[in-house]
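Pasting a structure here, questions to come.
Letters A, B and C mark the chains as written, and numbering starts fresh at 1 in each.
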Amino acid sequence: MNVPHLISLADLSAGQITELLDCAQRLRPHALSGSSERGVLQGKSVCTLFFEPSTRTRSSFQLAAMRLGADILGFDASHSSGSKGETAVDTMRNLEAMGVDAFVVRTSIDGQLRDLIDAAHDSTRFINAGDGRSNHPTQGLLDMLTIRQHKGRDFSQLKITLVGDILHSRVARSDLHALKTLGCGEIRVCGPQALLPDDATLDGCLRIADFDEAIADTDVVMMLRLQRERMQEGLVSSLQQYHEQYGLDSRRLALAKPDAIVMHPGPMNRGVEITDEVADGPQSVIMAQVSNGVAVRMAVLKTIFGA
Amino acid sequence: MNVPHLISLADLSAGQITELLDCAQRLRPHALSGSSERGVLQGKSVCTLFFEPSTRTRSSFQLAAMRLGADILGFDASHSSGSKGETAVDTMRNLEAMGVDAFVVRTSIDGQLRDLIDAAHDSTRFINAGDGRSNHPTQGLLDMLTIRQHKGRDFSQLKITLVGDILHSRVARSDLHALKTLGCGEIRVCGPQALLPDDATLDGCLRIADFDEAIADTDVVMMLRLQRERMQEGLVSSLQQYHEQYGLDSRRLALAKPDAIVMHPGPMNRGVEITDEVADGPQSVIMAQVSNGVAVRMAVLKTIFGA
Amino acid sequence: MNVPHLISLADLSAGQITELLDCAQRLRPHALSGSSERGVLQGKSVCTLFFEPSTRTRSSFQLAAMRLGADILGFDASHSSGSKGETAVDTMRNLEAMGVDAFVVRTSIDGQLRDLIDAAHDSTRFINAGDGRSNHPTQGLLDMLTIRQHKGRDFSQLKITLVGDILHSRVARSDLHALKTLGCGEIRVCGPQALLPDDATLDGCLRIADFDEAIADTDVVMMLRLQRERMQEGLVSSLQQYHEQYGLDSRRLALAKPDAIVMHPGPMNRGVEITDEVADGPQSVIMAQVSNGVAVRMAVLKTIFGA
């Protein structure tokens, strides 16, 4: 499979997504420990170039690269001492000139990755670890892998409900790209009017205002994190009210299919978008998502290097 | 020896402490360099999960894990971008789900480690790298190893003097656990009244108000670090006065046994609790403590993994 | 070659500099990837001890040490939680006691490295990664390597022009040491009067006030970074005016020899000391400097260890 960079799941065909998921599934037993894959990226240098802090995602990529035997360089460009007023392109080109073979990039600027790729050598590889509100493709892939493990490979019969702040969520956008490409039967979205995008993002989705109605008979409930700054921005009136309207608790979960799974990209605001009972309950697959994240990132690293 | 976690030296028998020290002593030649132990923890992932900053202790654990061949993940949860409002348990469980096999935890909250262990899988291992004022067990072990190297294995004939802020010191608490368990002959404590605990911590110890008296004829002088915030809290009137009453200088050291050793857990406030002359003098074993720290941490890592 | 530490290029003979450059040149093919040199420093611990932040230089040393198979410990002493009020010597001695074999030190204090070396064991190795305004010897070496690759090994026929804030630049001082030692034919310096040193630094150099005149017929143009704090200090009136008088653009570059090369130690202030057109143009060797930096640092690490 010729995928030199992973920028957006919108760039991938159903076949390519499936192939990546199959690779991740094969790596799954090795993902969480194992020294059997150490030779795969030996001698390769992978740099986590983060213009925005994210310890969790960085750690997941770091472990994935480590378990494939790569050299890891962590470059934190999120504060000024990292960048010293230099442009992002110059920072990347400097590291490339030091022999970095692949960059894992997190940035708050939508589409910045494209500028970096354009400025880099053809042989340098890039993985998007989250850009602005646009894409978080490895999160999208790990979500699909988690769904597939619990609901099978045929997405056409599935009803999936996404709940919360879709407007500001790169996770939601990547999930929507993947779900549409994989032919998901029904995608329902539910959230405060002010936190739902007006553009083509939700084309093909059912907008259902009432959460009780949106969750009815669904197979998968994907909860999104509520950033607390939405309160200051006046987009959400109070955590209490948000929880009442859009929080997932046991009563609501009982409206979904009996074997419905509950997902959350983390970090969770317990008591806001999700209760402890549900987050830690038998239908939660939230920790499986995290574990699948390492396998998916190993698969993506192998794929971009053609290894 | 079945010690899956190291939480407090109070949990260990004299036999277990001795076994850990023997293991550290055997590793001592390999601890400071050496590639001979690289295979021991190969394929294991060790995470330093620090909710409170401590570069020194983290570095010591990192080198210990590295020299045993483990993969190391540093997770700094001491500032908000690390935790994003997530609970400590959720942060730990996320990293566990990524395949971390053992956590080295530093936290300002007494007993927090127990919550983490309760929430973790049975197979996940924990080492306390300092919690609140309660425990710093690897420091206690490295102190015992240092004493044993200079004074022999029989603690029953030893007089040991602990000086300074015992109230706020997890180091002192761990040393006291170990000294009592190993049957130390006489434990003397000396410090400002406001910095000595009222509870059972000092049971079995001699409280001696005057430092000249407390140090007389002692085998080991353990100085503690004076945190400068004790001044702001009004617990100590001035650095100058503290130094006069509780600072170790050459005159005072001459009151101890001629072959007495001087210890300090670092970092030192030179000129406050200890003078340069003593810190760098022939009776100081402070650097030996640091070196022993790596050996002790290697021994603890091997032991918790049963490796 | 017996070079246990690299403190200043002023300490090295022409023969020693040449030998280091030859070693770097041989390592150049392996410097940017390669696993062929992994065994060279196996079992050695190298610590980047930075009292001043510098992500770029630290990354270059880290990759160099990694590619030689050393264990790397990053110790950031640039903020208080790193040092906790401890002296630099105590911090170094602690890490040395943990088994660090070599320190790569960055500090804002001129000559501080000498204090560290004096306090260390004889067997501990030191590399200066920049101290105050005095020295940045690996930058000097990588600049010489870059010149040699483009202009040959005989420096006696070369005209080299250094432009900008020489007063505050450790890069300029190291370049000047090396250029003089290697017998550079003509060294011209050009910059605002307030940013040129009055002492012996510029002995043997031609001071030329006008940039157009200073660049005429030169083989190498070395631009220096303008720190923005020079404005606040009143040493430079405005970025605009600085650019007009001392900025390198295509018009000025056309005054140099047709095959002149353009160098910059980075990070660049584009539009201030250098235009995009020149920085990214065919005569720029700025990225080659960065790549050579890894090779030079590998050569220095090998040399100090006698490996």
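Basically, contacts are C-beta pairs under 8 Å (C-beta built on N, C-alpha and C of every residue); 3 or more make two chains touch, one makes a residue touch a chain.
Predicted model, so just to flag it, every value in this text is computed and none were measured.
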Fit subunit A onto subunit B over the CA trace and report the rotation angle, somewhere between 0 and 180 degrees, nearest 5. 120
Since subunit B and subunit C are copies that touch, just let me know if over half of their interface numbering is common to both, same, or not, different. different
Please compute the C-alpha centroid of subunit B, do the same for subunit C, then give the distance between them in whole Å. 40
Listing for subunit C: what residues touch at least two other chains? none
What residues on subunit B touch subunit C, complex-wise? 31-35, 53-56, 59-60, 62-63, 66-67, 78, 228, 266-270, 287-288, 290-291, 293-294
Flag every residue of subunit A that touches subunit C in the complex, lowest number first. 42-45, 71, 73, 75-77, 81-87, 90-91, 93-95, 97-99, 101
